[in-house]
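One structure is given here, and the rest of the page talks about it.
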C-alpha cells in the first residue's frame, strides 16, 4: 500500500520535473543576464533591429500616466525608424510595472527581470520607489535606465545608482526651489495652502516648497489627499477664503482639473492654483489662469506640434520627458552600434555622454556625474484664459 | 462656529454619502439574500460611469447635446442603470450561481476574478486615459443657496435622485410581490423555495436592482466630480462595503444610513480634524470600529440569534 | 438527599432572557453513578439548563457545584475540563473532520504540549499524540461495529444520523468526564435505533462508570434508563422521583397535555 | 488504506448506518477514472513526505535550468507569495478567521528588517537576529491586534482588521514626521519614500545576493515553515483550530479555549508574514508603503482560497497560478502559444463524442480559411493587417482575418466573444456544438487583433480574472481543498 503511494508520488515528481525541464528547454542560457560582472560586456549583434526596454505602468491605477509615457516613447521610436540613414530599427520591449497595483514594487522588479537578453538599455521606471526597487536588478543586468518622471532628489544624490540611472526631469529640489522663489519673490504671496497627493513624488516636492516658503516667512498650511479620490469638496471647504494660492504637486492632470472645477463650484474660483510638472497639461490649463512649473518646453517645437497632431490635439506633456529618455537611450544604442555590435556597458557609457540640443523639453540635455540634467531648471508657466500655458518666469 | 464651513462640509458629505449609500445598497441587498460579499460591485459602478459617458456622447456630447440637458441626464441614468443591471444579472448567473452551495469564501474569489476581468476589460476597451463628463457644459455651473448653504446643480441632482431611488427601492421591497419574495428569500432561502418562490428569479432581480443602483451611483459621481477611469471602482467599492457594514449589513435602511454617515464622516474629518484629508481613511475607520464596538451588528442590523 | 455529597448540585438557579424567565429557582442534584432524566414539554427550559451547567450561559442567580466546588462563571472549556461533557440536541459535530479526528480534537483540554513541542516533535508531544489516538480509538470501539474500522478516516458528514449521535457521545466520552450530559440522544431515531441507544446508555454506566444527566422525550427510553426523573415546566421543577411516580404525577400529565394550569406555582 | 474502503460489515447484519452518505463519498472518490483518477488517489494516499518531495524536486531543479529573470519571476516571487499564503492559511484556512489586516504584518516584517539593516538608519544587523526581530515584532503586533478582535466573528472581525491594515499604510506613509514622545522627530519609516537601500541578508558570513541565492534561501525558509506547519496541523493545536473553524461553540464546550486558540492562530499567521516580510524587504532592497496595501492582500487571499483553504499543498499551487499565469502571458509570443494550446486542449478534452469534436475543429478551420479566401478575393482590407511577430502568429494569419484598422472591430469582437461564451454555457446538445464554432473564431479574432497586443498589460490580468472565475466554478473548494459540507 505504502509502496504504491510512494511510487505514485515519484511519478508525480517526475512529471512535474519533465514539465519544468520542457518549459525551460528553450531558454537561451548563454545570453542570460547574471550577476557576473562580465555579463554587461557581452556583445550583442545589432543586426537590423535593436531592442530597448521600457518600464511603465501600463495597468493599475496609474495606467493613465503610463499611457502618456508610452505614447511619447513610441512616437520617438516611430520617428527614429522612419529616418533612412539610421542603420537599424529600434524596437521597444515594454514591461508593465503596475504602479500602485496589487503586487507593489515587486511587479516593477518582475517587469525589469522580464527584459530579454537583447535589451541594451531601458526607459523608466516611472515612480521613484519603483526606481529604488528595480535598481539592484537593472544594475546586476548592467542596464542603463533613464527615467522621465522619477524626480525624488535622493535617487541621484545617494550614489547607489551612479552611471546606471539617469533622468530627463530635474529633481524635486530644483523644481521646489523654482516654485518657492516664484511664489515668494514674484507673486509675493503670504498665505499658501499645499496639498500633496501622498505619494513619493508629491510629498518630496511639497516638503521642499513648504520648507523654503516657511523660511521666507510665508504662512503655509499643508494637507494631503489620495490619488484615488475624486471628491475634493470637503477639502476645498476647509481652505480659508483669504488663501492666495493653492499649490498642488500632483501627477494626474484630470484630478487637477477636477480640483479646479470643484473650487469654482464652491465659490472659491478666485484662489489661484499652481501645479507641478505633473499637472503641466492641457487638461489642467483648460481651467485658465492657473500656474504650473515645468521644463521650458514649447508648444511650437516641431516635434510637439507633430505629436499633438497625431494624438487628437493633446500634447500629453507629462510624457514628453519619456520622449527625451527614448532619445537618450536610442541615441546611445545607435552610437554603441556603430561597429555592428554593442554591449550594455557601452550603451551605459554612451548614455553618460549624451548631448542633445534643443530637445522637446526646451533644454539641452547633458548629464552630470550623478545622472541629472546639467542646468536642469524649471520654468513657471501661466495658462491663458483659452487654456494654453505661456512662460512667465 | 464657522457655519459656512459647516454647511459646505455637510453638503459635500451628503453628496458623497448619497453615492456611497447607493453602492452600499447593492452590497447589502446581495448580502441579505446570498450572504455573499460581492467584491465586483465597485467595478459594476465603474462600468456604470462609463455607460453614462457613452450615452452622453451618443446623444451629442456635453457641449451640443441633441436634446435638452435634463432629458440627456435622465437618459444617461436610464442607460447606465439598465446596462449595469444586465451586467449584474450576467455576473450572478455565471460567476456566483454555480457556487451557491459552496463554502462562503469561494464566491469571494470568484467575485475577485470578475473584478479583475471588468477592470482590465475596461482598460482594454476604453483606454487608460481619464474621461471627462464636462458637467459644467451640460448643466451649467449654477449654484443655489439658502443663506449659507450652497448647492451646485449636480450636487442637488445627486442628493435628490439618490433620495428618490431609495424611496423607490423601499417601496419596492415593502409593497410589491417581488419585494416580498426578496424578503422571504433573505429570511430563509430554502423555506422560500418550498413555498413556491422562484429563488433563482428573486436572486437575479436582486442583482439587477443592486447593480442598477450602482450604475446610477457611477453616473451621479461622475456628474459631480467629473472624471472617470478604469480603477475608480476599487476605492468606491471599499467605501460602499464600509458603509454597508456600519449600517448593519443586510439591512436596506442601514445601508442608506451607513452611506450618508460615511460620507459625512469623511467630510467632517477632512474639514475639522488635524491633517484631516491625509488621515481621512483612519478617522472614518475609527468611527466604524467605534460603532461596531457599541453595536456589534451595525446600526440597524439584527444580531444573529444562535441556537445551541 | 443522598447520604454522600452529590456529584453535581444546582441550588436556586434562575435564568431569564429579556424578562422571560426560562429557569426559575431550580434545585437539582445528581449523585455519583446515577442516571437522572430531565423531562418536560417543549420550552420547559431543559436545554437552557444544560447550557447553564456547561457555562454557555451564566445563571442570573444560584449556585452550581461540581464536587462541592462552584463552576459558575467558568468558561465552557473550563467546565469541561472539570469533568462535565455534553452532547447537543441539534448535533454539533465537526462535520468536515474525520470521525477519529472528532474524538481526538476534544482531548485538547486533557493535554498540555505546546505547538512548539509539536513542531520539534519533542517526547512529550509524541507521547501525548499516541495517547490521544489510543483513547480516541478506545472510545470509538465502545460502540462496537458502528464506528470502527474504515469509518474512522471518513469525514463525519458521511455518517448516518444515528451514527452521528453515537459519535457525539464518543466525543463527549473522550474528554473523560465525571458527568455526561446527553441532550435528547434518541431524537430522530427509529424504534430499533432507540432501543439500541437505551441499551447503550445502560452500558455506559455499567462499563464506562459514567454519571449521566439526560434530557429525553421518548418515555420508553426514560423508563428504561432512569434512576430518577425530574420534570420541568416553564423552568420550574414540578416533580421528581422514580419514573412511575413522576409519570403519574397529575401536574406532569397536566403540563404534557397542556390543560389549564391549576393554582400551582 | 484503499483496501479498507470496502465496508467490512458481515452480510447477515443489517447495514444500519451504511447509507447513501457513505456510498456518495466513495462514489466521488471513484468518479475520476484513468490517469487522472490514478493520480488523485495516489496523491490522497501518498505519505506527506512523498507529497513534499513532489514539490521539492522540481523546485530544486528549476534554478539550474532557467535564467535569472525567469527564476525571479516564476520562482522567487511565487515562493514568497506561497510563504505569505502559508501564514494566511493558518488564520483563514485552519482557524477560519477572516483577517483582512494580514498584509500589515508582512509590512511590519519588511519595515522592521529595514529599520535594523539598512543605510537609512545606519544599523546593519546580520540576518539571523534581524529576521528573528522581524518575526517577533510581527507576532507581537499580531497579538495586540488579535487580543481585542478575538471576540468578534465573521465580517465584523474582517472590518476591524481591515482598519488595522489601512492604519498601517497611513502610518508608514507618514512615519517620517511622527513628533510625539518617545519618537520626537525620529524618521521611523521614511514616509512615502519608504526605507531604501536595505541590506542583503547576511548569514554567518554568507551574503545572500543574487536571485539564485535568494531563491535557495526562500526555498529553505518555505520548506521549514511548511514542515513546521504540517507538524502543528497534525497536533492537538491543529485539530483544535480545525474544530474551531467547524463550530466554535461546540469547540468551546468540548474543552477548547476558543479565544486563546484564535489568538494563537492570529499570532502564528502574523509571525510567518513577518518572516516573509523580512525576506521581501531584502529582495526588494527596500520597504515601500504602497507594497503593503489591500491589493496584495487580495492576491494572497486568492492564492489561499484558490489552492483550497486549509491545504498546505494548495498554497503552492495557488501561488503558481496567481503569480505564474500573468507572467506566462507577459511576452506576446509566449502568450500566443499559451492561448492556442489552452484553446486546443480545452476543445480536445471537453468536446465529446468524437463526432462533435470533428465538427468543431473542422468547422472552425473551414470557417477561417473560407473567410480569409473570400476576403482576399473581394475585401483585401480585411486581410491587410500585419500579423504579430512570432512563428505561430504568422501561421495563424492564413486562417484569421487581420483588418488593417482593426481596433474598433476588435473591440466589438471582444464584447461579442463574451456574449457568445455566456450564451454557450446556456445551450445544450448540438446547438452548443454549432455555436461553439463562431465563438472560437470570434474569440481568436479578438485575440489576434486586440488582446495579443496588450498581453504585457491588461490582457494578462483579464485572463487571470477569467481563470479565477472558471476555476472557482469548477472546484469551489479550491484546487487542493477537500469538498466541505457546511450545513446538513
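Per-chain numbering from 1; labels A, B, C and D assigned in written order.
As a working rule, a contact is a pair of C-beta atoms (placed from the backbone, for glycine too) under 8 Å apart; a residue touches a chain by one contact, two chains touch by 3 or more.
The structure displayed is predicted, hence computed values, not measured ones.
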Chain whose mean Cα position lies farthest from subunit C: A
Chain whose Cα centroid lies nearest the overall Cα centroid: D
Centroid spacing, where centroids are CA-atom means, of subunit B and subunit C in whole angstrom: 49
Inter-centroid spacing, subunit D versus subunit C (mean Cα positions, whole Å): 44
Intercentroid distance (Cα basis), subunit D paired with subunit A, Å: 31
Distance between chain centroids, defined by C-alpha means - subunit B, subunit D (Å): 29
Sequence positions of subunit C contacting 2 or more other chains: 56, 88
Interface hub residues of subunit A, defined as touching at least two other chains: 58-59, 63, 198
Junction residues of subunit D, two or more chains touched: 1, 249, 298, 457-458, 461, 484, 486
Sites on subunit D touched by subunit B in the complex: 92, 98, 152, 155-156, 159-160, 162-163, 166-167, 170, 174, 249, 294, 298, 301-302, 305-306, 309, 411, 414-415, 422, 425, 450-451, 454, 457-459, 461-462, 464-469, 472-473, 476-478, 484, 486
Contacting residues of subunit A [partner subunit B, same complex]: 58-61, 63-64, 66-67, 195, 198, 222-226, 228-231, 233-238, 252, 254-255, 257-258, 261-262, 264-267, 283
Residues of subunit D that touch subunit A when the two form their complex: 1-3, 38-39, 41-43, 45-47, 50-51, 53-55, 57-58, 61-62, 65-70, 72-73, 77, 80, 119, 173, 191-194, 196-197, 209-211, 280, 283-286, 288, 290-293, 295-296, 298-299, 327, 330-331, 456-458, 461
Subunit B - residues contacting subunit D, complex: 37, 90, 93-95, 98-99, 102-110, 112-121, 123-125, 238, 242, 245, 249, 278-279, 281-282, 285-286, 288-289, 292, 296-297, 306, 308
Parts of subunit B lying in touch with subunit A, wherever the complex brings them together: 5, 8-9, 11-13, 15-16, 120, 123, 127-130, 132, 136, 141, 143, 150, 152, 155, 221, 224-227, 229-232, 234-235, 266-268, 270-271, 275-278, 280-281
